[in-house]
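Below are two complexes that have chain A in common, paired first with chain B and then with chain C.
Entry: the complex of A and B
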């Protein structure tokens, strides 16, 4: 087994080295071809500076340049623009592909993660052969193959109060493609402080949302488009925030939102709105503030796309009002604690050791009469479950129906009242909550019946008992 | 109460909030023109009505927390942020559309 691992590791290394040299060869070839073309062009045109774009660029971008709202001016603005994409995942991949394809001058990518198999159904710039690559490197390799013209900058770290200023200040326009409230507030704050327009999107299950914030990009105290804090002054309670890993996500749903971010980016750049000085300074009443919209996408709704009108800047906003309490110093010094502000959920730990059973231990008592109560969602239960287990989803317990909590709707009448009940879930958090609820409802028959949870859930089951258990 | 003392409006849930309302994304409800104190019914009244009368799920604090709509939920009246319309004090009109959207964070 160990030698097989070692040779697999060796092969992986060899593959990535070969891919690296292949990439260099392609880049060399591209340079030669480029040289050849411009040499042959010279024989026709004596003045190589006659045109603002190269012959290759006219061909590559021609189809968008002949659209009236882009034109040559829009294309030159794209070429001059520096765009930052924060998050190289389900939103970042499609957004980056179209923005790079459109010919921006510089594209920076921020992400500290590596590519995992569970990313691939939606994070379309990462391929199966790039598992374990840094996401920024994987993404830039794909983007270079798509369009070698832009300058790509890898920031292989997560955005943080400490690095946000030095990264964001290098760019003209920012896309929030991250996946948690703390980074969303941080990115909005730094965009206000550095006067950058922010295109923010998010997605979960079958729904997506998109807002363009701080447009035009104005300093705190000016009247203008809202920041993230104006729209959401308080973060949601941490235990109500659902990640794509827990709630699930349809690939093209988050893809649509990433693509919409690219549409907004191209619109803003080509119309010249990233130069806040150009249009806004002094023009006062002439530039009427367009209302800020939020685009809602619900794949399963009868009206899948919907735009709603949002407020403008909030008087007294922590970040963007004239009473702003935010400064670059307070942000980078860490005195604004985003993690604390948004709260966090720590692993559930509400049961005593004797109320929990190891997965390996449970496998030994399976022959005795008992009930295994699986509290995962039905869709997860349908993917895989243990023979004889009963499925009552966690949400039913939270819903608080009496016959669920006291067991009368799901415990077979034939079960002796001293037969044990074991509760299991995916990771071993929900199972603890349910165990506690069942005991409080008196299902343990004053201690006659053992009720406990399988510690670590099916993750532990896979590790300790059955390696074939599907990990989804 | 006679039917002429009531009017209809459409309430919608999105962004996962429908899961707290038995998976229903859209419902038409009939509300009284005046509340118990003889005042015109407002969105604030509607929020508590939905929480107390319509919501079957016991996780009430995922919709209303400390007497207010839970942070992270946007309320839109006829497709505009309720803060543009006077927030909870907005007096409901026949055929209004009130949309509750829970904010998403995934990406």
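Entry: the complex of A and C
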């Protein structure tokens, strides 16, 4: 087994080295072909500096350049622009593809993750053969094939208070394509401090949100566009934050949001709005600031797109108001604690050891009369569940409906009141909360009935009992 | 369309998963300052878990939900209005 692993590892290495040298050869060839073309072009045109773009660029970007709102000026602005995409996932992939395709001059990508199988249904620049690659490398390889003209910069690390200033200051426009509250506040803050417009999008399940923040990108206290804190001053409680891994995501839903980010980026760049000094100089007194909108996309709704009008900067905003308490020093030194601000969920530990049972232990008591209460969402229950288990999703317990919490709506009348109830979920967090709620509602009949949580959920079940259990 | 004497409330993202609804009709008039408490009564714990970090719009425009009713300042949600409860979505 070990030697098989070693030779597989060796093969993988050999493949990636061969791919690397193939890539280099292709780049060389491209260089030569390009040279040939421009040499032959020279014989026709004596003055090679006559046109601001190369012949290839006119052809490549022609279809968008003849759109009146872009034009040659817009194309030159794109070529001069430096765009930063933070997050090379479901939002970042489509956003990057269209922005690179449109001919932006420099495109930076920030991500510290590697490509996994569960990414592929939505992260369209990563292919099956790129599993285990760094996402930034995988993305840039795809982008180079799409358009070799832009300069691509890989930042193979997660955005942090420490690196945010040095990365973001190299760019003109920032796209937040990340996946957690702490990074959203951090990116918004650094964009206020460095006066960058921020295009922020997010998606979960069948819904998405898009906001263009800090436009115009003016210093704190000036009448610039609102920041993320103006819109959401209070982060959601950490234990209510759902990731795509837990909540699920439809590929094209997050794709639509990433594509919309690219639309906004191209609009902002081609109209010359990324330069804050130009905005101030050219604004005069009666320039009306357009209201900031949030676009909401709900794929399953009868009205899938909705725009709501947001406020301008919030008086007293921590980051962008004249009373701002934020500085580059306080941010980069770590004295603004984003993790603490957003809270964190330590592994749930709300039960006593005797209120929990190992998965392997549970498999041994399955023959006795009992109830297995599966609190995953119904869709997950439908993918796989254990025979005889009862499904009552966790969300049904949240609203606090009495007949759910005291069991009367789901416990069969025939069940003796000393038969045990075991609670299970995907990873073993929600099941603990439910176990606690059931006991508080008195379902344990003053200790007559055992109520316990299957420790580690179905993840543990797969590890300890049934290796064939589908991992989804 | 909301029936007579009602307004529409739209639930997005975690507000929708908490209430298990996309929208519903609630009786008018309702002072905006009472909105969160009213919803918290219908859906136990919703105020702290969801509402306090939400963006709220009235007829597609941002509104500040006052912590408590301030004399005469309070907006009243009227018949036919549309209120949206928009929690931050951070994943992507």
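One rule holds in what follows: the second predicted complex is superposed on the first by the 465 of 472 C-alpha atoms of A that agree within 3 Å, B and C clash if a C-alpha of one lies under 4 Å from a C-alpha of the other, contacts with A are read in each partner's own complex, and residues count from 1 in each chain.
Basically, a residue touches a chain if its C-beta (ideal position, glycine included) is under 8 Å from a C-beta of that chain, and two chains touch if they have at least 3 such contacts.
Being a predicted model, the structure only gives us computed values, none of them experimental.
Placing chain B and chain C on a common chain A by superposition gives a clash between them.
In the superposition on chain A, no contact is made by A:62 with either chain B or chain C. In the superposed model, A:234 lies in contact with both chain B and chain C.
By the touch criterion stated above, A:272 is placed in contact with neither chain B nor chain C.
Of the two partner chains, neither chain B nor chain C is touched by A:316. Looking at the shared chain after the overlay, A:87 reaches both chain B and chain C. Residues 87, 89-91, 177-181, 184, 201-204, 207-209, 231-232, 234-237, 240-244, 247, 249, 254, 294, 296, 298, 300-301, 306-311, 395, 398-400 of chain A lie at the contact with chain B in one complex and at the contact with chain C in the other. The touching residues of chain B, when paired with chain A in their complex, are 14-16, 19, 25-26, 56-59, 62, 65, 70-74, 76, 79-81, 83-84, 99, 101-107. Chain A makes touch with chain B in their complex at residues 87, 89-92, 176-181, 184, 201-205, 207-209, 231-237, 240-244, 247, 249, 254, 294, 296, 298, 300-302, 306-311, 395, 398-400.
The touching residues of chain C, when paired with chain A in their complex, are 12-14, 17-20, 22, 43-46, 48-50, 52-53, 55, 57, 60-62, 84, 86-92.
For chain A in complex with chain C, the touching residues are 87, 89-91, 177-181, 184, 201-204, 207-209, 231-232, 234-237, 240-244, 247, 249, 254, 257, 294, 296, 298, 300-301, 306-311, 395-396, 398-400.
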